[in-house]
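As written, the chains take the letters A, B, C and D, and residue 1 is the first residue of each chain.
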Amino acid sequence: MVKVADDPDTHIGGRTLAIIAGPCSVESMDMLRETARGVRAGGARLLRGGAFKPRTSPYAFQGLGASALKMLASVRQETGLPVVTEVMDPRQVETIAEHADMLQIGARNMQNFSLLSEVGKVQRPVLLKRGLSATITELLMAAEYVMAQGNRDVVLCERGIRTYETATRNTLDIAAIPVLRKETHLPVIVDPSHAGGRADLVAPLTFAAIAAGADGIIVEVHPNPAEALSDGDQSLSIEAFGQMMRALQPFAEAAGRTLPESALVTAAA
Amino acid sequence: MVKVADDPDTHIGGRTLAIIAGPCSVESMDMLRETARGVRAGGARLLRGGAFKPRTSPYAFQGLGASALKMLASVRQETGLPVVTEVMDPRQVETIAEHADMLQIGARNMQNFSLLSEVGKVQRPVLLKRGLSATITELLMAAEYVMAQGNRDVVLCERGIRTYETATRNTLDIAAIPVLRKETHLPVIVDPSHAGGRADLVAPLTFAAIAAGADGIIVEVHPNPAEALSDGDQSLSIEAFGQMMRALQPFAEAAGRTLPESALVTAAA
Amino acid sequence: MVKVADDPDTHIGGRTLAIIAGPCSVESMDMLRETARGVRAGGARLLRGGAFKPRTSPYAFQGLGASALKMLASVRQETGLPVVTEVMDPRQVETIAEHADMLQIGARNMQNFSLLSEVGKVQRPVLLKRGLSATITELLMAAEYVMAQGNRDVVLCERGIRTYETATRNTLDIAAIPVLRKETHLPVIVDPSHAGGRADLVAPLTFAAIAAGADGIIVEVHPNPAEALSDGDQSLSIEAFGQMMRALQPFAEAAGRTLPESALVTAAA
Amino acid sequence: MVKVADDPDTHIGGRTLAIIAGPCSVESMDMLRETARGVRAGGARLLRGGAFKPRTSPYAFQGLGASALKMLASVRQETGLPVVTEVMDPRQVETIAEHADMLQIGARNMQNFSLLSEVGKVQRPVLLKRGLSATITELLMAAEYVMAQGNRDVVLCERGIRTYETATRNTLDIAAIPVLRKETHLPVIVDPSHAGGRADLVAPLTFAAIAAGADGIIVEVHPNPAEALSDGDQSLSIEAFGQMMRALQPFAEAAGRTLPESALVTAAA
């Protein structure tokens, strides 16, 4: 079990599902605050938000950087939601670790061994995303790079692999969940937003992931997906996120899991 | 909705999940009878069994052929379970249609257009498996080959696609289920046995498939998987099948579905 | 060595490269005749032409069928070029074998085992194309299905495999050529037209294939690619084919091969 | 054209093919010196050698690090061969740029955007390898990350992509060469060692690459491949490298290219 904060609802790998939600990129203080409150009301207990964004093109929006880190820290203060954000450069690790509660290693950096070693040296849980065409074995070996430096708090994330199919952005390798559960003690969560690349697929992929044994999800939510600066096609609105969480409840139960406490309250209301 | 027989539990695409189970290949009358009784007790309402087997090597076991067809028809008589079996050659269609209730087109023949046209001309529902590297669009176009000949009773089957990952036999494209549900009225089932290629993955993949919206499953069951002439690694024992069906019940409910009636009785017992 | 006709330039697998060219589909007697004369002048010694076309959609042009077979036989008479054409249905094998000199099994039918067995029973060389996502081992096993019936005259064809890359129609697996040369005595040719799916890639892929050790090529040529009923994007004009053949000459020599005799005459002119 | 050193034989992208050869990892001064002399005699004009090695497992040999850099610089002095070596961490860029003539970005770091930006800031040509499942467009965008910082001297390297085929380590995407030549002015070379992962495939893949239009190769050579600490299966012996270079000569000519001058001398001898 990986404990992101004291609140048991932020512990990943136990009976309670980890629900991480938030915008792809932090675009402004207002949108971040609105999203954080919305996803908390919907049942999320951890806030995701990109400050430094890895983009295929150097000419695309690259994130707000350091100022986004401050916004994340500030909204954490307001909402009580611990923050998960991506680190892309070994030289950023220390600074980001000061502002964030969990460090995300993105798919493109899964075999960035310098970065893996660096996050292995700090006292922050690591969310390690599977590379675009990484095997399960390679994902486990990447986790070893972190743990070999002393940091054992690694959470694995299946986020879809690259295949020939073009109907979806990636192909969610749902079988990776039970395979990983047999091969490692590390918690495994799923990113249904990147896996499908389509907002309409987020809910069914989430239900499938939990049914297959995942310990949680990390999902992109935006107050107004149509105007998102990045990944708008795959972001849920705050309302759609709430609906999905309510529909998730019976699947969580069927899987012998429970949702974070306040999500249960919300669902009952 | 595709009606394989009069029994509503054999209608595919409605509220009741279609549960198709049985051996990869029919190996003998005894094993077929034992399996059929076992899977019926576990909740299956349709019997699968290979008479003509497509094998990568011409020197591997090719199935018992015509005599297996007779065994299937005879066990159908005894158990009341309609029979699903694969047809590989346009010249076999008529004969197999006499003995079987549903004709399966295997993954390797998904774009065997002569065969598709031929099964389009008979009055038997068709179970069309997705090709090893077929796109969703190609699967839908293959179904059109059948329907263009007048036979509208086509059920699509996601059975895993070929990727670089070697931990599993294929990669179950779980997102294909919700994608297909948006693009076609045809029912969609999943084959968790071929997708994972491992008996220990059949249950989690089944739960995930139903959670993602599948209309049923087709699963390989063998009285003694260790001695199966084909696909032993991925076959469930009769007991494991029964356990899985009991565990499936809450996932079916969460998905707004129900199991075939007798499965419910069994589960309650 | 597989001998398609008496002319040594039609023997595949020896020092002389096999050059098979012609239209994707036979569209009319005029276009077929024009193409045949054009490719013969350019150095081809075998004529390809589709009579029965496997198309993803049942509503796309399916080929002229039996009448195209007659046109092919007639143009063979006029030009002396032996004919290679695809067979898609075991029931067609006998008829097509009467009109054609070499039977092609298309990529989608590589594991159509009934069809493979049927062409194994006739006295015609078989051109077996690799399936869209077939492994090299599966290709060799498919050839065994033909040879197990007594027909040893099988030529293998690498035509690109399906990958995530979308810049080309398929990904030419150039390494399959030397791998196959180590694992089988069967001749290996390459289809640069389907591999790349782009006319501008046909020449470089051809040069690469011969440099890697291929025994020949099968290439699509059309008198007016812009108006082709199928595969226009990847068809060479007659003129472009001639240019490519002239440029191929030094690569053939570098590989210890020679072009068919008249191609040499043309190149010298 | 990218000029690695003053010697015209080290300019990449002109009429003369770039031949980069050397060991996967620098294992000792003796083996490096022996290899460097051997590949120079065979016709190489640039020396590759890994100091910092990216390995899937943190427990595998990681390279000799800083001491290897010194060996490379020393052997450059002795042999006159400019040195190409991999940089894995933005904090290493400056140091490595002091010792090496060309900085290699490995496949796993193709989308390590911090690293790309950092090498974009130094005055050293960059060898950018295509990621394991990167599209051609993504490779070009990665090059933009370097060039956007002011460093225009980027050479692209096709080194095989990840597919389902297991007969080879990767699948050399030979069509990427002509596609890239149409889409960018940047030189394109090929790594036949990683593409095939087998020493016996290096020569045919090299011939194919040059025939398809590549501007050169980067190839692994080891004095005793059977005892290599890494990548022994795919390394050529010094003798095999020399043989391959002699056999390459007519293919280079057919492609309108020439080998480095001394290679010609050797070949004539």
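The working rule: a residue touches a chain if its C-beta (ideal position, glycine included) is under 8 Å from a C-beta of that chain, and two chains touch if they have at least 3 such contacts.
Predicted model, so just to flag it, every value in this text is computed and none were measured.
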| item | value |
| --- | --- |
| B-C against C-D, pair bridged by the larger set of C-beta contacts | C-D |
| Same-residue or different-residue interface between chain A and chain B, half as cut-off | same |
| Centre distance in Å when chain C and chain D are each reduced to the mean of their C-alpha atoms | 35 |
| Residues within chain B bordering two or more other chains | 133, 137, 162-164, 166 |
| Chain B contact footprint on chain C (complex, rising order) | 54-59, 88-91, 108-109, 111-115, 117, 131-133, 137-138, 141, 144-145, 148, 162 |
| Touching residues (chain side chain C, partner chain D) in the complex | 133, 135-137, 161, 163-168, 171-179, 182, 195-196, 200-201, 204-205, 207-213, 250-251, 253-255 |
| Touch list for chain C against partner chain A, complex | 133, 162-164, 166 |
